[in-house]
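Below are two complexes that have chain A in common, paired first with chain B and then with chain C.
Then we have the complex of A and B:
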């Protein structure tokens, strides 16, 4: 059942874009939303088993924030696509290979150090990406202003944990170094160039290329990791595999997060 | 040698590193700081993060005070707080101030003042931009 559509500023703004730009915008929104969605779901796997109760609440709350960001981005994407699918349909009714999250978020939950390393690398990259969004598509610019206010706390939380694991004795540090090495290899995939990047830059939907965002991310990482004596992620050759060909860990997670939706197709929960 | 598995030892040392912090919250600017509860944390920075999650993530607080419990000076000595002799003369109940105040206000031509908290400086009211 579809309800008659209310006039929407986002849909009207998207309708004013030319076809290739609208397509590029949809690609950008999908990658951003999928990153937040998959990362948030994987982190929610800590609910009930985080190191201490307080941290359990904190990690679960951050995971929930990320799912909230994903929802806002999927809702915006639904307006831009205007193809009859709502945010839930976009989020849940795709096959695993159709998700466009970066390979960093394909990593299994792992131990606490794995999660902290992934969160830390992701939060700083997300910040660099959000800082790259221009005013060319106002509904996204407005949303990004709100997301950035919430992401400030996520960053503080991740950096606090990196510092504690780095200085928390040889066992904690060993786990962190191993986790940063593994996650670090996949982390630059967050900046995998988009097919429509040139169109997004022309329309000022992106204020700078993702390559420049990646350089800003590395400078940010350097300021935190180098004083702690920790290694930076390697540089990689970007290719389309940065956001495709997902892992078994993701396929398992997909089975989890779509299970309720698939159990009764079309039901309203 | 110990027969404790490493995970248990790690958990024990984690728990030993935690300290209780008391959390006070303010519901609106200028209001009183009310004790909300406490959190366990290994240091003040994470204590503030955890206080934010447990007492502020739903927009229910405009300000939190997070205090290490060990830094709270406690006075609960009944000799000092609940004296055995009659001290009722120290309570204001014997005075009926309402009529006198009304008369004084009438004389001064003023009306009843608003909430006193608005002019009260002890709750760290915002002075600048957002923290």
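Then we have the complex of A and C:
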């Protein structure tokens, strides 16, 4: 026996926002969720084939965390949009060009150094973004408080591996330097300005502009990379292509992660 | 088992919690969901029972099973039940009760370091700092659940489930799992 569902707190809070702010919130949630979702699926490509058993477990666990974070964000988005789609429909029933993850997460899995470089640049950027979320939309603020407790472990993992590869002899260091150079070019796209950023700032859903989050990210990167003698990512001119025009690597991944869902449209799993 | 008298009366919070305390965590059956501190607000009234469920980890795959089991077990009170998954009160590992910590230890899982005590309340709850390696980690080594030694190392913060870490004891040479501090 179950009680009739109480009106969702998230839907009520979203209904109190004006139209443009609600739209901007949906855009923010979609970019956050897509980043975690696509990055998590790419991480899961290491399951079974990571260099050592501990890392097989670690990458699988991190991927599971990120997909869980994506689910929670898609669920919030479903309440905000209130258009009849649930989290699964938003996550799986879009064409590749409709995903809004940053170009950094378009990169193929690559070798271990490529993955560590991508994870490191992403985790520090994700923390800078999570630290930018204000209390203007309480259901997101509450979720972010919880996410940051878990993401801390991902950051520890990425930073430990950057140090290990940087100090691991010329071959490991060479791989890392090449990986950081390639991933670094795409990394600032995580801070691609949002169309509705001004509305989010007015509503205190964002506590600071993404440009300030990017500066905080660069300060964190500097603290870690400079003592290791490693180069920082270049600064880029932001444009809409930062979260569009996805790669062939992503199109392949999309084919993988939607294959079960597409195999039997409308089925309940 | 719940008595006939309890079944007839309107259950109070304690009765509901006592029923929930019979539900084992699916991934670590040695502890109940109540001992883990996963139960938030409980409202009971003639219209039904409404309970806040606080996930230990956001992506915990056991959540649906736990929610369904709660609804099944609470049917004994004869009232409609609603379980609301909530992040309003964030679950932290400090919510695990003393009984829960002891049950974890007895089954070979090191209970998590107390974050509030180890790092200082405010800071632990904010988790604001960037954490390169051990800087932000409680200094105290996790005691071995088998021999009690503190000569232990964290092998990996990632274990067989999201909430578990892997450690090694230098005294009894036993690898062991711990419950992650979050």
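Simple rule for what comes next: the second predicted complex is superposed on the first by the 263 of 269 C-alpha atoms of A that agree within 3 Å, B and C clash if a C-alpha of one lies under 4 Å from a C-alpha of the other, contacts with A are read in each partner's own complex, and residues count from 1 in each chain.
Note that a contact is a pair of C-beta atoms (placed from the backbone, for glycine too) under 8 Å apart; a residue touches a chain by one contact, two chains touch by 3 or more.
Quantities reported herein were computed from a predicted structural model and do not represent experimental measurements.
Look at chain A after the overlay: chain B and chain C clash there. With both structures placed on the common chain, the touch criterion links A:214 to neither chain B nor chain C. Looking at the shared chain after the overlay, A:43 reaches neither chain B nor chain C. Between chain B and chain C, the partner in contact with more residues of chain A is C.
Of the two partner chains placed around the shared chain by superposition, chain B and chain C are both touched by A:54. Shared-chain residue A:171: touches chain B; no touch with chain C. In the superposition on chain A, contact of A:148 is made with chain C only, not with chain B. Contact with both chain B and chain C is seen for A:160 once the two complexes are overlaid on the shared chain.
Shared interface residues of chain A, touching chain B in one complex and chain C in the other, are 54, 57-58, 61, 153, 156-157, 160. Listing the residues of chain A that touch chain B in their complex gives 51-55, 57-58, 61, 153, 156-157, 160, 164, 171.
Those residues of chain B that touch chain A in the complex are listed here as 10, 14-15, 18, 39-43, 45-46, 49-50, 52-54, 57.
The residues of chain C lying in touch with chain A in their complex are 47-50, 57-61, 71, 75, 79-82, 84, 87-88, 90-92, 127-128, 130-133, 136-137, 155-162, 166, 180, 182. Only residues 1-6, 9, 54, 57-58, 60-62, 64-69, 71-72, 124, 127, 131, 138-139, 142-143, 145-150, 152-153, 155-157, 159-160, 163, 220, 223-224 of chain A touch chain C when the two sit together in their complex.
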